[in-house]
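Heads up, the next two complexes both have subunit A, just with different partners, subunit B and then subunit C.
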Partner chain A sequence: MKLVSTALAITLAAFTVGAQAQQITGAGATFPAPVYAKWGEAAKAAIGIELNYQAIGSGGGQNQIINRTVDFGASDAPVDGAKLEQNHLLQFPTVMGAVVPIVNLPGVEANKLKLPSELLADIYLGKITKWNDPRLVEANRDVKLPNVAIAPVYRADGSGTTFVFTSYLSAVSPDWKAQVGAATSVKWAAGNGAKGNDGVAATVKQVRGAIGYVEYAYAKQNKLATTQLRNKAGQFVSPTLAAFTAAADAGDWHNAPNFAVNLIDTAGTEAWPIVSATFILLPKNPVDPERSANVMKFFDFAFKNGDEIATSLDYIALPAGVKDAVRASWHADIRGPGLAAIWK
Partner chain B sequence: MSTTMGPAGRMPASGPTRDRRVADMLSRRRKWFDRVVQALCIAATVIGLVLLASILFTLLWRGVGALGLHVFTRSTLPPGSHGGLLNAIVGSLVQTLAGTAIGTPIGLMVGTYLSEYARNSVLGNAVRFVSDVLLSAPSILIGLFVYTILVEPFGGFSGIAGCVALAIIVVPIVVRTTEDMLRLIPTELREAAVAVGAPKWRVIVLICYRAALDGIATGILLAVARVAGETAPLLFTSLGNLNWSLSLTQPMSSLPVTIYQYAGSAFDDWVDLAWAGALLITFGVLALNIVARVMLRPRS
Partner chain C sequence: MSDATLPLRPAGSRAASVGDRFFALAATSAGVLVLVLLSAIILSLFVEGLPSFRAFGLNFLIDTDWDPVQEVFGAGVPIFGTVVTAVLALLLAVPLAFGIAFYLTEIAPAWFRRPVGTAIELLAAVPSIIYGMWGFFVIVPIMGDDVQPFLTDWLGDVPWIGFLFQGAPFGTGILTAALVLAVMIIPFIAATMRDVFNTVPPVFKESAYGLGCTTWEVMRSIVVPYTRASVVGGIMLGLGRALGETMAVTFVIGNTNRIPTSLFGPGNTIASIVALEFPESHTGSLKLSSLLALGFILFVISFIVLAISRLLLRPRSA
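On to the complex of A and B.
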């Protein structure tokens, strides 16, 4: 007992000393966690703001900021206007990312396989079951496709990646839209589930004939074979940073309420068709204006200095005009005591 | 068998031979059956051991490769920045120790109450039942409970909330082992103490606790081992922290939560750190269990 109370006294004494000044806490989407961590490292050195970002998932991020247990929330799927209004939240984008199909087909090199969008949908609908299906052969005259069964792999857990991927399939395939639709988890017509981007990547790696979809970083880091997709302009494009940026530039940012821009299947000729932004949720009436100001300072720093970091981790930085629009919305909507603007 | 013992012994002469044949057959069947069951038991044991060995082997294989000095000297950093697990290790130690420090006295006293004061009382039985239910409650529920009383009302995740969640897990374990150990002490010992004029509290503190010390300490160590690896109750309470922080009012890092987040990452250095962390926890808990067993062994 004596030991216990001594230990308690020592720990309490040690912890009252270590208070921190400029810490901000955020929680939410898993997808941007690496880039936020990297921005946090840079911001700590440059402007003395320590970011603690915890990847608890988009749904968790929305709930935590609604309950005001964190300084900001993060979500891959944009939150709808009514919900933002009801909870006094401002939504803004930070970076964009791409979702890419990955395949395991021995003898077929990365980015050689061309997948017309309707065929990708039919594979996941279970209508195309062999890699040497005449329609696939037709689209890939220069590739020798083996007589191997197609094993589609999808995310078993609810995920923003699935939302983006199924949004794309819904946009390009009326059948898909009617039968399955777009959501963070859907009723899959064919294939097997795996948990997380890493689970899908691992399964595709192991199963001959498998096809899956992951965030681009997972395909690149795991050296998985990606494919070409046909975009809205009818061009076949490979997943490259240039193609992702083209999609971001083609987005209609100015008419999107709450920055909830749709970057799926945009019109650019070079654009990769499956791109999406990830969002931050910030209270319009923060409990602690100083912490809220630090959150905005942090993302302002990231917007100014973080593009290279984002690119190095395979994210796509926001266009400059969008960053300015985000700053303007901070100034207009986030109010401290006496309704004074916190962001000047 | 009973056919051979027919009324008035009017069975055929071949009786004894048949008896032996039946007995042989039964004995063969019994032996055969015995062998099958034995083989099944051995197979089950082998499956269990192979699973355990393969888990430990994979853990060693991936974990030792990822282990290095940087794991202990640097805090968690973004991918590619050669981070370590220092903040997570220290956070885990702090929360486990503080959780145990909060939960143990409560558990000890409840266990004492159940064993010494309320053996057959209605209240005692009710407390015992509730404690047993708490013992098997999913730890995520405990996390959610602490979230609603300590995180939401105070507007933030904190190390202290994590400690309280772990303490709530510690309490029923300590209650159970304390009560069991105190009950093992013979009544005669208590009677002898009372006979020489010791009041009840002195009997409990000087006689019962002293006699049951090993068992009670073991229970506390087992409780520590249990909470050291808990992820679920910490997700909703101490959340996690990317930075070095010892402040109990701020979110606090921990090994299980860090492993949970790093294991599924796209980046090899994060995945490696998850393995290193898993190795640290597993062998820490294993060491605690071994210490507990050694302590429980009767002294020669």
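On to the complex of A and C.
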């Protein structure tokens, strides 16, 4: 009996503690899920807001917030203006990430292989099929390229990573834009599909001559062999945090409607060409203003205190000016009952 | 009431009859619920898939284009992949399963039958994701490093069938998927075959042995003809599982929306394309509708296969 009452007391205590932390729910993109989880832990300890984030994919996140089943949605691809308008959604960025090519070429060290952008597109179009193709040899005079077939590997599941990568290929190759285009899943002309970043990485590791693309964080943590890419300024750059930040700085944040800034193939001389922001979707007319306020409090906390966490997880934090612009848009656009601004 | 009169109903009959009726009602509604659920699933898949059937017509079934950017969707590649991997898996699994069942019913010593039988049932209980990971991390490298180059060297230049064994040795592809599927369906087919072989009346077999038949002759002339329909039913049951298998196939098939020309080529199945594309499909989009239409098609295919298996597996009339 005593045991039962003790157990009951503990359970009740647990509930009261749970009730003190205010919960917000979000769903969507898988790419920022690790950093949201870390921010969630920090925010729970510091400001008592507990984040319940479900990484169900960008498309799922958009569906969920349009149906208002969560407090916020998350998407890697920016949602177009008309759709935001129609569903009364505000869109803002949180962090940025980079996509990097990975290769499995015995004898070629990481970041030694130089890939001119149009050749990367031609590899994925199936036009370049051997690693010792004259055009690749031309760009890599100092590297001995083997006579091995190129095996392109892509994400078979619909993913924001694919959207970013194909946006880049569309930007640099007219052929790619005409034949394939950019989306979360596309009609691939060559190669094999694998599921998830880990599937792509494992397939590239297993197949000699394979090339794939993954999130930079994934490549770094798993020590995959990345390559150099040629950026818009004509420079070959290696995937480093400095190169990603250069790309973010080169972005035209202030003229981008709904913060849908294009960080693909920016003009900076040191800029890595495949960088993108990931976005949050928040209702402009929230059903529950208090929860909506908590979502903004959460991201405000993350903007103030979360940069170090983001960097340690190999994401790129937003420039300070962009964070201020996001806060201003919260104040201007998110309205509670009586059209009062929720974010003061 | 005299002592001699027997009560027409048991004591407390009123309460009991209410209970009986209630129980009968509950059991009936449970039974009906299954039918309602089944038709609700079919109906909702069909209704949700309708925009896609409208947009592409019957061409949806044979069109091999799957282009989310242009919003052109065809079920040709997934249907082809589903049918080809399932049939290949059957070709690999049926002889092995037959061997297992033959061994267990005719050759194995009695004390050995139980452990082997249990092992087969355990194989059937392994979750498919385990088969998928095993396939991806163990079978795919073996296929890519050894089996596929070997087959290409030996059979790649043979006229007529050579094209089936060409292509880059990724390790993944139609053949690998069929191999993993075969391992997954062997237990189903073997267990069914063993059970139906055991239904052959001993007197038939004993008579044949008495006439001097060998074990093989008994199997070929007595057991197999007697159980033919049920054996085919068991095979269809395995086929049903192979058609709908999702995770294990997704791991090893290569996930490509092109008709493969080689056994090593990558492909796609209905179940795996639905699993892969579903999370990034927007509500109300033609893509989502096409995926649900694919679900409907898979449902219909599985339904037909299972209906045939039920028909063949029904107890033989005397």
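One rule holds in what follows: the second predicted complex is superposed on the first by the 323 of 344 C-alpha atoms of A that agree within 3 Å, B and C clash if a C-alpha of one lies under 4 Å from a C-alpha of the other, contacts with A are read in each partner's own complex, and residues count from 1 in each chain.
We take it that a contact is a pair of C-beta atoms (placed from the backbone, for glycine too) under 8 Å apart; a residue touches a chain by one contact, two chains touch by 3 or more.
For clarity, every value in this text was computed on a predicted model and none was experimentally measured.
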item	value
Which of subunit B and subunit C A:T203 touches, first, second, both or neither	second
First (subunit B), second (subunit C), both or neither touched by A:Y315	neither
Subunit B versus subunit C as contact partner of A:S159, first or second or both or neither	second
First (subunit B), second (subunit C), both or neither touched by A:V186	second
Contacts of A:A194 with subunit B and subunit C, given as first, second, both or neither	second
Partner chain in contact with A:A151 - subunit B first, subunit C second, else both or neither	second
Of subunit B and subunit C, the chain that contacts the larger number of subunit A residues	B
Partner chain(s) touched by A:I56 [first = subunit B, second = subunit C, both, neither]	both
Footprint overlap on subunit A, comparing subunit B with subunit C	56, 67, 195, 199
Subunit A-touching residues of subunit B, taken from the complex the two chains share	77-81, 94, 97-98, 101-102, 104-105, 151-152, 155-157, 159, 235, 239-243, 245-251, 257, 261, 263-268, 270-271
Touch list for subunit C against partner subunit A, complex	65-70, 136-137, 140-141, 144, 168-172, 250-251, 254-257, 266, 276-277, 279-283
Touching residues on subunit A, where the partner in the complex is subunit B	1, 4, 7-8, 11, 14-15, 17-20, 23, 25, 27, 30, 33-34, 37-38, 40-41, 44, 50-56, 67-70, 195-199, 201, 215, 217-218, 220-222, 287, 313
Subunit C contact footprint on subunit A (complex, rising order)	56-60, 62-63, 66-67, 149, 151, 156-159, 180-188, 191-195, 199, 202-203, 206-207
